[in-house]
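Following this line, the structures themselves.
Below are two complexes that have chain A in common, paired first with chain B and then with chain C.
And now, the complex of A and B:
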């Protein structure tokens, strides 16, 4: 018994150099991740406006306030509309573009470079640019419609209820397609060439090659992209905030902008934190489910 | 058959050309407007600029405070990158090559961050930096950014260093190198490819980060480019449209230019960053 205890201390002692090397990282995590995280759980159970001590304990009331708030559900469903559109459109268009580049096309270098550019511009800058593009008077979209005689279609895209979310989603997808394209392209290029050669020997058409060889080969990549899409879009904030701040009347509110508004416009930190913890639980369940499904398949 | 294939290829080419226009046009349009005078722009948004006048850029940098935003962002990004790379190299080496009791525990202590969405942390972290009295300082930017970067960074560098043969490090130790000499003379040169990947990923996210900068920075003289650009559109009434176009052009073009010069590194980094999940 004593010898195992002794061995334990010897192990610890020999680990000291390694501990010193990880100390800076661990310290940052204790101060800037674990402390705020524990505080988040505490704050979510208090009525708190961000100033002074936590005194007004309300138990789970903040969670109930969020779960009873129709605005939260609006933000929730908007976020999932974004995720759905992004997952379906962006990944499939990205796939199409990657496949075309893989098959070979004239000016391939020009295309692969220029198609990637929307991903290199930050969400904030893209949001600001597209906010001008959607502008009712000086925006190119409305001006173009007027120019080709479709002036009656011109409308205030971002400031009316029906169009503000679709307009943001369109811009969002414009930004994410190149990312999906790049990842799919990089992975299809790693496919061993004898896969395709063997299929060609058997006289497979290009559709058959796509359907039975390329898509199955890329399936793990597509699943990773799907998971990345879900986890990134759940946190969507930058572009929404720059383009509409969630307006008009919550039409384009997403979960994160809802949290921000509750904290900094309504000074209601307890409710805001409760909403963000609900968001974490949604995200955790998605991640864990997908991990579980992956395990099961393997 | 061959004819049908030709037609299909032609259609695909035209579709791709249209899509390329859609990808490039917003940026090109903004850049074109940035060279025009306010009157030229208001007369027609389609006209081409008559000369390469840089007045709008001067207004944006001077009256529009763009120079302040730029310098702050450069400083924040540089400081974040130093912390990112130094801390993660130390930790990555310890996890990959050193004897460490409770290694798995400490590894997941950092990785668990991938499961916690940033917005949860931001509100209490905001209260924390107020308590610590570090609001509007570099520390309040750099350490939170490092916290966001560390999990992915650690996965990538640990995987990379795991593939480095132990004999290399052992022989350096036998030659009498101490720990820091080993890191400096052996590990860093070997890890250069992965460090450049990490620099691209960490640098891009630090440069573009918006929400934490918006929440935590209250002093206008400390605003970053993201925060500055987000309020730029509201300045059109004071500055006019064309200087705002100049500001948008400069901020949009930064990574496009770096990408054009270092395409390989960029593509490699972004691909490497997508393997998590």
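And now, the complex of A and C:
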């Protein structure tokens, strides 16, 4: 018994340098992550406009306000429309482009580099550029439509209830395709060549190779990309804010812009914090579910 | 030996990390630098008004060498977020720009310094009483805003109006001449001009996300003026609501402008800069604008544009009043550590010295007595002068801007939905009323 305790203290003593080394990192986490998080939980239980002390305790009322607010659900569904479209279109197009590059095309290196450029541009810059592109008066889309005789299709893309969210989703996908393409391309290039060679010897067609070899090989990568898409898109904010600020009338509101508006435009920090904690719980449950499913599958 | 080396390395890393955590004083200065005996004072200024610029601050610093000014500009659309973040971190700058809804919220939360005594003291030049240098109606307009929102109090002077903000319609005379139009003197003529401009392929009138409420507020000043002048507390007492006929009439008239296609298709989400670009590109025919936003247009308008201004006629036929008045207010933070110097800066901002020393201020109406404008410029600014001559609609008339929350909901949610036909005027009125009741 005594020797176990002694061994324990020796272990602790020997580990002190290691603990000291990770101390700065832990300090950073405690100061910039855990403390604000605990504080956020506290704020979410107060009616608070961001100024002065927390005095007006309201319990879970802020959570109820959020859960009863139709605008929260609108923002929630808009976010999931974005995620759905991004997951289906961006990963599919990314897959297609990666496959085309894998099969080999002339100027392959040029295309693989130039196709990646949209991902390197900051979201704010993309939002600003596309806002001009969509502008009904001075934007090139409408001008082009008029030039080719389709003037009646010209729209105020970002200022209409029906078109503002699709316009943002399109821009968003334009930005995310290169990332998906690159990851898929990098993975497909690591596939042992004998898989394909064996299939070719058995007389497999291109479609059969794609369907029975490449897709199954890339499935884990596609699942990871799906998870990344979900967690990234749940945090979508900058592009949406630059392009429409969630408007017109909430048509393109996403959860993050809803939180921002509640906090900084309406100065209702309690409700905003409650909404952000709900959002965090959603993200957490998605991540845990996907991990659970992955483990089960493994 | 290795372990000792590791321990030493760890200690060094910790020292470096912790050195960065040195305590800062309120102004963001490192504590080790504070109290060095240097008597220089540093003031922080937050402004959304581009007329108050680095150049203004430099002029002030040149004249007051013991005061250093750190200036920060935020676009008006980001002011609310910026101020909330500063207030939440107890870092409100010494001198701040503010406006109606924000201003009264800030007074309510005891964030602003009472300036009554200072206003009875000398002005910046020291040749007059400070309060007497303002156009009397302007100061009254500013005090009226506080009284309206916060009721009777000992003081209504928590900020001073900077410039007499007026709004007028800016247009290109050559377009008018080309289409045979004249400056409208009645609402009917104004609407007929809009129709002609639309038929000629122009977007007749400006509108953008941050000023989306200007038209309804102007219409309410016409339709509700008599009722609210006879009983200024009509909303408080419940004698008037957002569903009252005059309020609904203002909303309906605004929707009519939208439905007729006189406002830009992208007006709900576009920003001020987009409207400015449309105007200088000759796509937008008439720009309802305040003088402090003229500079971009004046600097970028093509040579063939011949600019002029006129006051917007009243929709109900009664004499029109302008929005604005004291809508740009500068105030001193109650937590300023240098209130004397901050007040000195406020006096400078509202002084002849400032208005005559800075080129960018030449298009503005100073709101000061005895400050003359060059005759040529006066002719161009005639629209603003005429608009001001009609007087000002109180900042808070129909109280859509009585609190930040109502103002935000009205401008970013309810009004856009109403224009797009997602809700009708009744629903809009009911939702505003519910928010107003809750805020009371």
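Here are a few things to note about the model shown:
As a convention for this text, the second predicted complex is superposed on the first by the 295 of 298 C-alpha atoms of A that agree within 3 Å, B and C clash if a C-alpha of one lies under 4 Å from a C-alpha of the other, contacts with A are read in each partner's own complex, and residues count from 1 in each chain.
Here is the rule we use: a residue touches a chain if its C-beta (ideal position, glycine included) is under 8 Å from a C-beta of that chain, and two chains touch if they have at least 3 such contacts.
All values reported here derive from a predicted model rather than from experimental measurement.
Residue contacts after overlaying the shared chain place A:263 against chain B and chain C alike. By the document's definition of touching, of the two partners only chain B reaches A:183; chain C does not.
By the touch criterion defined above, A:76 lies against neither chain B nor chain C after alignment on the C-alpha atoms of chain A. When both complexes are overlaid on chain A, the residue A:24 reaches chain B and chain C alike. When both complexes are overlaid on chain A, the residue A:250 reaches chain C alone and has no touch with chain B.
Once the two complexes are laid over each other on the shared chain, residue contacts for A:235 go to chain B alone; chain C is not touched. When the two complexes are overlaid on their common chain A, residue A:156 makes contact with chain C while staying clear of chain B. Once the two complexes are laid over each other on the shared chain, residue contacts for A:136 go to chain C alone; chain B is not touched. In the superposition on chain A, A:50 makes contact with both chain B and chain C. Looking at the superposition, the partner that touches the larger set of chain A residues, chain B or chain C, turns out to be B. Residues 17, 21, 24, 50, 138, 260, 263-264, 269 of chain A lie at the contact with chain B in one complex and at the contact with chain C in the other.
Across the complex, chain C meets chain A through its residues 3, 6-7, 10-11, 13-14, 17, 80-81, 84-85, 87-88, 105, 109, 111, 203, 209, 264-270, 274, 277-278, 281, 283-284, 404-405, 408-409, 412-414, 416-417, 419-420, 422.
Contact residues on chain B toward chain A in their complex (touch as defined above): 9, 12-13, 16, 19-20, 22-24, 26-27, 29-30, 41-42, 45-46, 86-88, 90-91, 93-95, 98-103, 106, 109-110, 113, 115-121, 123-125, 127-128, 143-144, 146-147, 150, 154, 179, 207-208, 210-211, 214-215, 226, 229-230, 232-233, 241, 248, 251-252, 255-256, 259-260, 263, 267, 270-271, 274-277.
Remark: chain A residues 17, 20-21, 23-24, 27, 49-52, 71, 135-138, 156, 158-161, 164, 243-250, 260-261, 263-269 touch chain C in the complex. Those residues of chain A lying in contact with chain B across their complex are 8, 11-12, 14-15, 17-19, 21-22, 24-26, 28-29, 31-33, 35-37, 39-40, 43, 50, 97, 100, 105-106, 110-111, 113-133, 138, 140, 143, 174, 178-179, 182-183, 186, 224-225, 227-228, 231, 234-235, 237-238, 241-242, 255-256, 259-260, 263-264, 269, 272-273, 276-277, 279-280, 283-284, 287.
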